Every structure is written in C-alpha cells, then in structure tokens.
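Each of the next two complexes has chain A plus one other chain: chain B in the first, chain C in the second.
After this line comes the complex of A and B, so read on.
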C-alpha cells in the first residue's frame, strides 16, 4: 500500500518536475524572444572576448585533415600568426610539400594569397574555402559575432555533457561568410557547436569544437570538426559527409614581430 | 550545235578521260568535305554560342559598374521586335535574361556530389523555347512556361552529380551583396554538352533573380536570334544600334572583346545601351575558326592547282592523240573558234560529270562520318560537335560555288590545249601517222 503511494507520489513528482522544466524552458524561450539588441550584443561580445586576443599576438601550429569519403584524406600543416588588435593574420603553409611556402596575408578586409611558384600575390576572399577544405579563410580570423550578427531566437539544449544556450543568428553585415547561423554556447560562454545556413535556410555546414585550451584569460579552440552538409558520398548505403578535422598545437601568446604581417615576410620565408 | 558533237566525242573518248574523271571526282569530294566540315563546325559553334550568349546580337546596358542591366526593357523590347522586321531582317525570337557569371561561386550539389558552373542563365522558357528546343536533350524536356522550380543542366554536370531528370539539386550562389544563398530545383532536362558551353545551367529568370536577391523582373541582357545569322549579323547590328541611338543613350556596336571589356567598365553619367555581336563574343574562337578556314583555303587552292595541271596535261595528250581528227574537222571547214569551243564543251561535260560525282561522294562521306564516327569525350573538340558527332552543312551557295570552281578549273586546264588544237593545220594533221 505504502509502496503504491510512494510510486504514485513519485510519478506525480516526476510530472511536476517535467512541467516545471517545460515551464522554465518556455519562460527561457519566451524571454529569449524578447532579448534586446543591447543584451544580444552583450551575450555575443562575451563569446567573442573569450577567444579574442586583444592585446596579445597569437600563434599556433595547425594540422588540418580533410576527409573525403571514398577518396581518402589529405593533411595540411600550417602556422597561423594572428594579431587581433590590427585585424590581421598570416598563414604559412608547411605541408604538403607541393604547397610549402604558400601563404595568406589578411590585413583588415583584404586577404591575399601568395604563391611562391610564380612569386605572386592574388586577391582572395574570406569566404573562399581554405586549401579546398571545408574550412573557410574567415574561420581563422578573430571572432566578431557581436558586430556581425543579431540574435533572432533562443533555446536551451543539452549538447553531450554541456547545457547550452542555443542562439539563432542573422547577419547584420554582408561581409560574413554565412548569413544565418545557429550557435550552441556552454555555461562558460564558449561556442561548442555552430551550424551555418544559406540565406534561404539551406544547412551548409556544421562545426563542433569539443576542446578548448586556456591561455591566460582567453581560450583557444584546439580541436575543431567541420562537416560539410552538402558534400559527401554514399558508402555502403550510408551517406558520409566530407569532414575537416583541425588540431591546434603549441598555441602561444608570445609577441610576433611586425614583419610577419607583411608581404615581404611571405616572399622571403618561401625563398 | 556544238553540244552534240562534243557529247559524242566525250562519250566516245571516255576511256581517255577515266583517270581525269576519277581525279576530278576525288578533288571535288575533298572540297565538299573540307567546306562542309568547316561550315558545319562553324554553324555548330555559333548555334551553341548564341544560345549561351543570349542571341546572335545582344543589347547590354552599362553604367560603369561592369554589370549589364536593362533598366528600360519595354523600350529595348520594342526595338528588338520591331526594328529588324522593319528592315526586312527575319528573326527567330528574342531573349530577356538575367545571368550570373561567377565561376568560383556558382555550384550545383546533389547527393554529396558537386560541380561548379561557369554561368547560370535565367531565361523565359516560353520566349526562348524555339532556341532551347535546339538543345540536344538526352533526357527530359524544356520546362513549361511558368516552371520556376525547374533547371536544365548539361550532361557534363549530370555526369559529375550522378543526377537524372526528376532529381532535386541544390544551386548555391553568392549574391551581389556577398551573401551565400541557395535554391532547391528539380532537373527537368539534361542537354548533351561537355565543352566550354557545358558548364552552364538554365533556370527561370525569376528564380535566378530571387536567389540573387535581385528584383524578380530584372533583366540583364536582351538579345535577338536571327534566322540567317551568318548573312545578316552585321546589318542587323547596324539596324539595332541605329534604333537604340534614336531612343536611348547609346555607346554603339561592340565588335571585339577589348571594346566589350572597355564598354563595361567605362565611367558613364547615365546607363548607356549598345549592341554586342556574336562575332565579338567569339573573338578567340573565331581566330581558331579563321585558322581552320585558312587551312581549308590552302587545301582548296592546292587541289584546284592539281585539277588545272591534271586537266591541262591530259588534254595535251588528248589533243596530240586526236590531231588527225582535228585536222579532218578543220579540213571540212570547222573554224578555229569552233574547235576551241568543241574541246571546251568536252571539258565542260567532263567537269560536270566529275563535279556531280564528287559532290555526291563528298556528301556521302560527310554523312558517313557523322553517322559512324563518334568523337565523344575529345575535350575542346566538343565545342564543335553535337553529341560527339561532327555536323556538316553544305548550303546551296557553297555547293554552287564548288561546282563553279570545279568547272572553271577544268575549263582553265583545257583552254591551252584547246587553243593549241585550233591552231593545228589540216595538211600537217592529216599527214600525221
């Protein structure tokens, strides 16, 4: 008799708890729908600040593995030098041997690609694919969500072991690579996942960032998985997307000489 | 009066003419094949190009931004539909297109496969139906008039995507504002094309404008398809240009790629309109065609030389062998000019027989090659082929030209010998053993 009461009371409790969770989610969602522009900017600014190195230079060695189902994989190694306060970065390709010496130099909105074979710089776009991978050239620049997007929706979701705030973002400037995004932000304000969409709502790309490494008060995403939602192959009856795995080693906030952020550097270093 | 004896002589001496007849037949057949092929590939190329470039003549409107826009389509439409007709220039139809030309950013996706497109063309299906129906459709059909969900893709794209008619593919672009956008479309038709013109897809103009974030009615270029482009292009260009000058700010006719490039970038106080010819659009390819035509010309001259020399030598022998006969005719009172005429008429029969056999042999060979030889997958050569087959064209004028040239060559070759025959003195001729 007592067991039955306990069971009944437990079931009632579970229903109440579920109702409470749902009510909370509704409230959260309802309040999110009314996030003001300033609040949205604050939220996104906190996210940006954690992965931006305002007063420091950033450098690291990147290993990018491009997996093409049914076609094998390729590895590109490169060094990234970033100076966020000047909105600039330099990328120097180390591997594969055929591309060694190639480099990217971003200064403000201008991005140039240096090819040591013909010793020429060509203008390229931040939206272009980086070395024909699923990463875009814009993925290596500073995070600027607060200035480039506004929040259009919000929900709370579990993402693996993380409780995340999920924000729907819409670009407020035309210079971004994707005009619509959805981002998953954990309780530490780190982006754990984001999805990129075209203007018409076509899901183009999913990026997961399972691991960050702390550098002082800032964080560096050191494991990144990018999945192209449109490219892939059906293998053994299962569709497998093209994926790009990025591993970041030896991240550093040590000062980088000014020279590194010049064309001359790319020309000399590849000689 | 001279025809009958000439025919009698020709038929009786046919054994003497046998080799010459065979040679003449082969030479004319070769001319037919060379000219038929050159005209065929030229026609194939122009047909593909006019479809690709929106017509044999295209009206563009530039304001210095580098991108054409027709901001007064009603006026241009009136000009395109009325001006050529008023000048007696027959047309097939006209086009009102929006175009997207960004080789790096126009991509088709299907089931994980993707292929970049050189150009996306927004058309009015119904308006351009007579032209689009000339596509060599491997599958499907031209979409219905209001079909804004359909797309025509090339066999090259379909092969890469492994897509068939009825499949829904994703078309991805970067809009002029720089924003990534996509649209889901259903493959309605697959046209056979693997050359330069194969990296193009055709969709409804409104659909393309929507995905590019442009006003749905926007038109970037308007063109006209001529019934006889080879003969009428220049005159039609002048007619259109004159009509534009009367009603709109104008920059004239663009005749080559440099002018085209300069016109698109030139700073202007207002939007100006002009006409670009297909010849200007095809400048680089025209160079190749001209080179081919030049080679064909050299071949023609060489072969004609062979004909003249061959006929001349053969007639020298014939005149020598028939000296007694000529002497008898002269003794019977035939005047020198009639002797010349007699031999020339014989040569005419020879030429007509050779030319006719040659034309028939050449046409048969061209048709045989078209039906039996598949050049499919030969890279750049696909520009000049339809479904891998070499098309040939031999218009009446060209055939008439070949006949005239063949006959003239035979007559010229015969002339010297005929004149020599007329100078034979009857007494000496009759003494000859």
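After this line comes the complex of A and C, so read on.
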C-alpha cells in the first residue's frame, strides 16, 4: 500500500516536473503574429546581412564528418572561398585522398565540377548533396532568405539557453532547395536552428548552429550539425538519424585573389 | 524494502531531472536542441594565432617574439608545395557466367544452352605513380608512370609515361600547360562524346593557354602527334593540330563553342548550351565537320547532335540521365541512338546501389541493357554484381563479331571485387 503511494507520488511528481520543464523550455508564446511583407523582409534581411559578406571575400577550411549509424563515419576536408558580391564560390577538396583535387566553382546559378581524373569540367545547376553527405551545395552559398522566402507564421520559443523567434517560411521563388522552412532566430538575429520541409510537408532535414565566430560585424557559423530526418538506421531498437557535423577553421574576410574564382585555378591546384 | 523502493524512485527522478535539465551532459547527441545548452559557446571572437616574429637572436630590439594575427587560409600554400610522391593502385578480380549467343537464334546455329553457356574468370591490376612539385606559386611540375598487368601474359607492361607536364601561370591570369596530358571537352556522359574534338591530345605533346575572358574562359591548344609528324615531318606547321574553346556562364545558361583544325582533316566545330532548371539540366550540343576543300557544300558537311537531360532529385537522391544522338555520317538518316541511365539511392541492405543503363542504335536495332549493383565490401574494397544483356544481330553496333564474355556475350552475370586506393 505504502509502496504504491510512493510510486503514485513519484509518478505525479515526475509529471509535474516534466510539465514545468516543457512549459519553460518549449513554449513561452505561440501566437501567429501578423507580419506584413515589408516587416518580414526587414526581419529576414537583418538575418541575411549578419552572415553575408557583401564587399568582403570569405575563406575558411571545413571539416565535414558524415556519420552513418552502424556504418561508421567518413571525413571530408575542403577549402572554401566565397565572394558574395559576385555570387560565386570555389571549393577545393583536400581529403579523402581519392577525391583530392576535385573542385567546385559556382558562377551564378550554375556549378562547374572539375574531375582531375578525366580532366573535365561538368556544369550542373544541381542542388544535390555535397560529397554524398547530408549537406547540400546550396548550404555554402550566401544567405538570401529575404528574397527567397516570406514569413507565414511566428512564435517565440525557448531553444536551450536561448529565447528565439521562430518563423515559418514559404518560398517565393522556385530556385530554392526546400520550399518550406522553419527557422529559430536568437536575440542577436543569428539563425540557431532551421528545419527544411518538402512541398508536401515532409520534414527533410534539421540543422543546428550552436556556435558562430564573430568577424568584425559579421558572423560565420563554425559549428554546424545537419540531421537527415529520413535517413538512418534502427540500432538497439532506436532509430538513429544520419548526421553531418561541420567544423569551420580559419575563417577570414581577407581579400582573395580574383584568379581563385576561375576554372583555371581549379586546374592549377588539383593533382 | 520500502526504503529501497523510495530510494529507487528518488534516484530515477534525479536521473530524469538531470537528463532534462542538463541535456548537454547526458544526451549530447540524441537531440539537436541539446547543443544549445551552453551560451558561452554561442559566439566566439576572432581566432588569433601566434605568427613567428622577431627571433630571439634579432638584435633590433623589436621586443615581442610573436605577433598576433588572425588564422587564415593560405592561398599561396595551395599553389606551393615541396616534391610530393603519390600513387594509385587499382586491382580487381571476378568471374562471369553467361551465354555467347541467344539459344534458338540463327547465330546459335542450333547449339544447345549447355553449348552456349560459358564462364570466364578475370583479373586486372594497374598502378600509377605520380610526382608533383610546386616550387613557386606560378610553377608546377607533374609526371606519372603507369604499368598494368597483362591478362594474356601475366606480366606487367613496361612503365609508360601517362602524363608529364609543366604548368606556368603568367600574372595570376594566363595559365599555360606544356607537355603530355589528357583533357576532355564535350557534354555526353553515356553515348559517344561528339564534342570531345581533342580526344587524341594525350597521344602527343601539347601547349595550352587558358585565360578568363569576360564571364567565361578561353582556351587555345596546339598539339602534335606521331601520326602527323610521320606525314609532314617534325616542325612542319601541318604536323600540328590547332584547337580553341570558349565557355561562359550567365544566369541559368552555360554555353560554349570550340573548333579544331588539322591538315588533311575536316575542320571540326562544336557548339553547346546547358540550361539549368532546378533539378533538371537540359543540354544541346552539335558538332559539324566541314570539308576544307568545299566547306559549304551540304553534301560534304557532317553534323552530329546530342540532346541530353540530367535530373537529380528526391531524398534520397536519384539521378536520371537521358541522351539522344543523331549523326548524319550514318547513311540513310539512320544514325539515331538513345540512352537512358538511372542511378538509384543506396537503399539496399549494406548500402548497395542499383544502377541501370540502356543504349540502343536504330541503324541495326542493337543495344544493351546493363544492370549493376555496387557496394562497399570493406574499406577501399568495392563489390559489383552486373548483368549485361545485349540484343541484336552479331557484328552490329552493340554486338561485335567477338562473343567473348563478359563484354561480348548476349547475357551474363558478372561478380567482381575491386580494391582501389590512393597514397
């Protein structure tokens, strides 16, 4: 009898604690504010500006670790050069050894891939996965939320230690990778988390950005975790999603020579 | 007992509270939201590294031994490196079991299935050793030696120079490559690459200059081969092949033109354009061969066109490539060929990837359907199960006179393992 009471009391206490935690952590306010188109653009433009390097060049070294539950992980290292004012970027693959020398050059909406084995460039507009990871080629381009999406919903939520504005976004152009997004923005106007959805509402990916590095008045996401919501494997009865961990080193806004953003450079530095 | 039960409940509650309230400790990788538990990690400031400054022996009195500078990517380091040796080993083994002719066909000449059934084991091995040096940002030397195992003699061939070239970059703008090397132009991925009008460049020595021009890249190429030297003599301008290409990208369109001129050979010109429409890329390419003695006579002009679509989409990603080739060099307007390739996701157990490729020639209604499953057996070790099927009469476009398996039988099952790695 006494044991049963203790059990009931314990269960009730756990429920109360859980409810309090949930209330604190998850939903502070969940009102679908009415946001005009202009306001929406201003909000998203503020977000874009912090991670866009208008008149500066951007360069950094990326380490991308692809984790496939039950199948180990693979590491890709690459160097990225980005020039947002010209809407271009260059990526050089450094590891693994088998892919060393491959390169990507994005100009406008097209991507030139250089294969050092065939010594051949292939042009594509593909937004396919980057190096067979959960990252997409579009993940390395400038943020352009203000021009590509409109806000359809708003709420305020707690995200770990952050109070965030959560916006539901719907694409207004066809060229985006995902037509529906939900983004969590902290009080510094930095995107901390976003979820990508297909047109049918299928949850495709979740991306977390726990750490940014400040470069002057701009910010670079230097720790990124991308979780594929569809791919994974059941291990010990629990479904484990595939994840891509991205670490960014040596981020810089120093000028990059013009020749880096040419096909010639890819050939020049490839093996 | 009661005390033990209560202690268990308290412990369980404490554990649950720790799990919920201190997620970063216990469930760091279960829930992405757990990554936001530490606000100190939210924004970090410029990374500073120490750069060697004045040495202790420096008597200038400058003081500090190090200077603080932000850590950045060193572009010069990408174009400068000491001598580096690398290599690739590629070896495979497998067997195939199949039919040399279709039972009941005229070509089978009444042979039974047992008579037509053959099997074959095979192996191959090739090794490439490469040396690369970048003594200056504008200079690079690269050379490779290749040897391969001959299946008929079970001996390795004499090592041959695969590539040997020097790169020189003038003013960070004009890129020269001089020596023996290969390159690929053209857009085809399955059928004959009609746009690759410099496919024989690797057989000789070449000088190439590439320079950014406007929104694109211009390339000039001059090369010579033993064939032309034997006819015209070394140093004769006619023993050289001259080629040029310009490719540019604007918006969703990428386009290019190219030409190749060689003595006693038709002038070859190509033009292509690719339009990107989200997940779909549409390409149209044409190659025209002009008789140099009578270039504008329609009877002497040969045209080949390639239409291509590449679609990549879905999650997981599928890739579908379709190509249609028409070549007026085939008489009676019969030079039509089509191809379709589907690369499926790695959805099979063990991440095996199915792929299917179909090619068909209308001139003799021959073709082939290749189904393959590829997967990784172990690190650097790939496995393939292939089922190539060929149809049409013997000695047609897709069925040679030779009926040796696995490539020339009508149907076979091929099982192979391939070890490939770089070092």
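For the reader, a short list of remarks on this structure follows.
The criterion applied here is as follows: the second predicted complex is superposed on the first by the 235 of 271 C-alpha atoms of A that agree within 3 Å, B and C clash if a C-alpha of one lies under 4 Å from a C-alpha of the other, contacts with A are read in each partner's own complex, and residues count from 1 in each chain.
Please note the rule applied: a residue touches a chain if its C-beta (ideal position, glycine included) is under 8 Å from a C-beta of that chain, and two chains touch if they have at least 3 such contacts.
Model, not experiment: these values are computed from the prediction.
Per the definitions stated earlier, placing chain B and chain C onto a shared chain A by superposition produces a clash between them. Of the two partner chains, chain C is the only one touched by A:159; chain B is not. Residue contacts after overlaying the shared chain place A:92 against chain C, while chain B stays out of touching range. By the touch criterion defined above, A:102 lies against neither chain B nor chain C after alignment on the C-alpha atoms of chain A.
Contacts of A:174 after superposition on the shared chain: both chain B and chain C are touched. With both structures placed on the common chain, the touch criterion links A:218 to neither chain B nor chain C. A count of residues in chain A touched by chain B and by chain C gives the higher number to C. After overlaying the two complexes on the shared chain, residue contacts for A:200 are found with chain B alone; chain C is out of touch. Once the two complexes are overlaid on the shared chain, A:234 sits against chain B while remaining clear of chain C.
When the shared chain is aligned, chain C comes close enough to touch A:123, but chain B does not. In the superposed three-chain arrangement, chain B is struck by just one stretch of chain C from 96-104, 132-140 or 294-302, namely 96-104. Shared contact residues on chain A (touching chain B in one structure, chain C in the other): 127-128, 174-175, 198, 204, 230-231. Listed in rising order, the residues of chain A touching chain C in the complex are 2-3, 6-7, 10, 13-14, 17-18, 21, 59-61, 68, 71, 79, 81, 92, 97-98, 100, 107-110, 112, 118-121, 123-129, 159-162, 174-175, 186, 188, 190, 192-193, 198, 204, 206, 208, 210-215, 219, 222-223, 225, 227-228, 230-231, 243, 249-252, 254, 256-260, 262-264, 267-269, 271.
Against chain A, in their complex, chain B makes its touches with residues 104, 109, 111-114, 170, 172, 174-175, 177-184, 211, 213.
Interface residues of chain A, counted against chain B in their complex, comprise 69, 127-128, 171, 174-175, 177-179, 198-200, 202, 204, 230-234, 239, 241-242.
Taken together, the chain C residues at the contact with chain A in this complex read 1-2, 5-6, 9-10, 12-13, 16-17, 20-21, 23, 29, 32-39, 41-47, 70-73, 75, 78-79, 86, 130, 132, 140, 142, 167, 169, 172-173, 175, 177, 181-185, 210-212, 215, 217, 247, 249-254, 274, 276-281, 310, 312, 315-317, 319, 351, 420-423.
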